[in-house]
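Each remark here refers to the structure printed beneath this line.
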């Protein structure tokens, strides 16, 4: 849908510069080698970079940092924290106001999905302390970022919600959609004009071009999006898992860079004096060997193929059952990071084909 | 940048003191704990708490006392690793951290007016004890109460006093078995499934609550299914690795559920679905 | 009672002990928490019992085996201090030259001067309780192990790939740079914080292999990025030639 | 000679040296029969197992020869590779390497001066005892050592077995912020340096001298660390490619390490040798300290090596501040590190804390090393240490055994021997 306002890029940039004075503004920044990372910026100039591919780590790092302290604890009298002495435990939440600039629609979708999981039954205060202070300024993709992205197949190249503002390149201007009150307030501070009939006509043309550009991305996956949960759910013994499991390094990279992976491990560290310490959580991944290990060394997913399958099962069947959606945005980070080129669309297609589906 | 510190209770254990403790076997110790806040735990039978030894970690442990117990609560812990080994060395008066109760416990509602079958294997008696006691406290709500308990050997029996009571109780059909033993043993010898032929069941009107190692489930469920106890009247408690207890860390995922949040107690019908 | 602690050193560069000394600010705390009985005098007669023995170095001489066994008898807890002790480190590269014949070929008559056997990690001689695996050990992992021992808990010892920590650091992967680096992060046990990739280099595998490492895929990846197959196989064994898993690398 | 006595000293496994060595002194009837430093470290066969490895593995592997001089080994290795491959590193790379060597030298010297040698001067058994007696000295020492280590970590990622040191450059560069913070700490350390110098003025260095030849790398216009020619105080001059003319290694029966000799029966390398060869190029602050501590060229008292180390420490500190100022002024830039491969032979030399270190490799046309040679400073010093022992024993024969033993240990320790890395073997004929 076309946005409601048109803002000049110059004015928008000035607003970002002003914001950068009072809060953290982050945006994708080139790391060389055609790789990008969210880093702190001072203005909106990085938005002008042509076609950056999704950042190495998704923006989830701002809401669920790779490592964070959850609890700080200490005894009162220098006694060891594990001695049975009474231990004072305090929550620790570090959060700051932050503007995420230039968030691609796939990542916007992922953030919305993570929000849902982190709200489910118990609201994770650490996550939401940061999430609630974040302003999301999205960026519409005019074409797929590269030939691997399958966002269109996952319906993530267009979003209707999950942002404060969403920008679309309009030459010297941005067309801006407002997704929240916070976004509205921001836009208020800017000189803008309403979209005109002219704009609408141009928009239609643009949409046509976009559709054409995204067609290959949409065709990456043969079966329907809604068919994926059954496809993965009912394929426990498929040779697809064995073949890919043989290739898989079990290195966990795909988990870690996935915008909708949010599992973690918890570990305690103590000071050398033993009288204080921290309980930390850090990113974990279900493709890692000991993820499902329990007492008596029983491992519920001891093979690489089982863990690979579990990962896809969780992205499709589990999340579909619980939230009515497949938790994959087609950003293809998992593929780009994978050293043995395991590609989710290929696995879906192979499962589909083996079930006699048409290709 | 303006860094905010906020308070959050989700991951922060609260202090609890060991009021009493007793070694039950070589490997297991029973604890009576009380929260410093004197808040009552208000748990459902089958729910668990996170027990923290700071600097070492947290372990999910089932509450073994019935909800009717108001002065603190009880745990029974097997010493198998980091947290649980250190707990062994703690004394009366010492402190630990507690979060919870978490998860979904056993629902006794479906068993009202019906026969109850409890099957406990080894440490599985710990969570079941809370349900058993609750059922016995409301004995008139149920018809027969059948209780199977199996352990490795006589010296690994938990709650020996209570077992003697159940054994003596005319209202409880109690059957005990051990895997191996010597001649002095007066009960059954063999795995817990060998107890099934000893009892006449009214399967349509029996509700089963089962807890024990994963391998035991499989064999016990074969029996209940064979008898014809409906899957939705067969309840299990699953053990999975857990790091958060609140359905976030992902470790306990099984099929489409987080065992810590939607479980650990499930009907067999639910378990089959994943 | 402070634990009695001994540091022992066998065939090594002594860099791991140096790393302990390099803990500067924490050194006095550490020294205060223990009763240091022995430091770097591995060959001296062992006349004390130890609560904790930190053992640096590989075993590469018959005489070291005797000393190590003796030390194991006197120590409650034995910690392999660093890659030399934990996995053999570069010392074990020599093993393929070790046969009597080889030795003679290289050293002629001098061969008989050298009491040398295949270099091996200490757990191929005695039981080892805990491992610090990096070459050299990091100060952080030493502190973590040290406090764990004092608390009587099993220390954190990850069994997943260095790539995990490398992604957490959000490095550009060296395989994306195609800069002639051949990283072994995907099969190497994490725990160092992906030190080498974080400093723009590649993981050289010093922490040994994680369980279930997929060597076939790893060798293939290195080959795909331009390394000769034989060199890739050898590279994987640079620090790990003495590990039993090295047999699987082909 | 006062008495005709028998004396048998056997210091089994000297403490406070890197590695494992024994001092054996045997006196019969007042006549010195034997004064040897036995090296009992396991030989590690580095040169032999480098054969067959791809050339780029050499720095990784050889840095593991010695934890203390890891940067030095990596540098000598890289120098040899660059020589073989025809790589000429940029000026920025050279400066960064110099800064890194300052860090290496400082941390090693502080470790030696404060933790290995100082207990002798203060009459303590170990550095741990010093903590009780002189906590402020120990804290200062730890502070200085940490500074040096942090400086090294900043450039190499890790000082013990450096990560970022590469052929033709560095894989990371310090940020301006890091440089600024480091500069501030270095400047602040001047005060600790002054305290150290004052402290050193109060201790008595044993009075002993023996004429010998001193060997070090040298340049015409600066104190040499990572490049230069080989020069000796006997007036000799060699290109590094001719290093074998200097080292002339020969095997001795009592040691797994070899002995070296050049113009005389032995020569010395290390801080004192560098000072004797390069003193003109010391920074003025360091030259002042040398004068204040009674060090003047050509100094032939090996016990003064520790003093020379302190002088070098001051030099390195000042040089580091200067280099960082240059980086802050000119900026550091990412530079290409391309290397085009060619087969060949290369020699690399570097002045590591204990003296001059040589690496030589031959690389075949498949890029694999076919021959390697590493000659380590302590190995070069061994013959000299023994001759010093022989000269010293008769001079002190009338003292009691304990005192003699301590003095001998002090002498050996003054050389700051790094025994673990001095054991190496050559692929040459072995003379029994």
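Letters A, B, C and D mark the chains in the order given here, with residues in each chain numbered from 1 onward.
Just so we're on the same page, contacts are C-beta pairs under 8 Å (C-beta built on N, C-alpha and C of every residue); 3 or more make two chains touch, one makes a residue touch a chain.
The shown structure was predicted, so the numbers you read here are calculated from the model rather than taken from an experiment.
**Student:** Would you identify the chain whose C-alpha centroid lies closest to the centroid of all protein C-alpha atoms displayed?
**Tutor:** C
**Student:** If you take the mean of the Cα atoms for each chain, which one ends up farthest from chain C?
**Tutor:** It is B.
**Student:** If you tally the C-beta contacts for C-D and for B-C, which one comes out higher?
**Tutor:** By number of C-beta pairs in contact, C-D is the larger.
**Student:** Just curious, how far off is chain D from chain C if you go by their C-alpha centres, in Å?
**Tutor:** From the centre of chain C to the centre of chain D is 25 Å.
**Student:** Starting from the mean Cα coordinates of chain B and chain C, work out the distance between those two points in Å.
**Tutor:** Computed from C-alpha means, the inter-chain centre distance equals 43 Å.
**Student:** What is the distance, in whole Å, between the centres of chain A and chain B, each centre taken as the mean of its C-alpha atoms?
**Tutor:** The separation of the two C-alpha centroids amounts to 38 Å.
**Student:** Using mean CA coordinates as chain centres, what's the gap between chain B and chain D in Å?
**Tutor:** Centre separation, chain B to chain D: 65 Å.
**Student:** Counting only residues that touch at least two other chains, what does the list for chain D look like?
**Tutor:** In chain D, no residue touches two or more other chains.
**Student:** For chain C, write out the residues touching at least two other chains, lowest number first.
**Tutor:** Correct list: 147, 151-153.
**Student:** If a residue has to touch 2 or more other chains to count, which residues of chain A qualify?
**Tutor:** Chain A, residues with two or more chain partners: 80-82, 267, 269-270, 274.
**Student:** Pairwise, which chains touch?
**Tutor:** All touching pairs, sorted by chain label, are A-B, A-C, B-C, C-D.
**Student:** With touch defined as at the start, can you tell me which chain A residues reach chain C in the complex?
**Tutor:** 31-35, 37, 56-57, 61, 66-67, 80-82, 247-253, 256-257, 267, 269-274, 282-283, 285, 288-290, 304, 337, 339-340
**Student:** Considering the complex alone, what residue numbers of chain D touch chain C?
**Tutor:** Spelled out, the residues of chain D in touch with chain C are 12-13, 15, 18-20, 40, 42-45, 48-49, 52-54, 56-57, 60-61, 64-68, 70, 111, 115, 126, 128, 131, 138-139, 142-143, 145-146, 149, 156-161, 163-164, 166, 170-172, 251, 256, 337, 339, 420-421, 425, 427, 429-430, 432.
**Student:** For chain C, which residues count as touching chain D in their complex?
**Tutor:** Residues 9-19, 21-22, 24-25, 27-28, 31, 36, 39-44, 60-61, 64, 89-91, 93-94, 96-97, 106-110, 113-114, 116, 135-136, 179-180, 195-196, 198-201, 204, 231, 234-235, 238.
**Student:** Across the complex, what residues on chain C touch chain B?
**Tutor:** Its residues touching chain B are 147, 151-154.
**Student:** Can you list the chain B residues touching chain A in their complex?
**Tutor:** The contact residues of chain B facing chain A are 1-15, 18, 36, 52-58, 80-81, 86, 89-91, 93-97, 213-214, 239-241, 243-244, 246-251, 253-257, 261.
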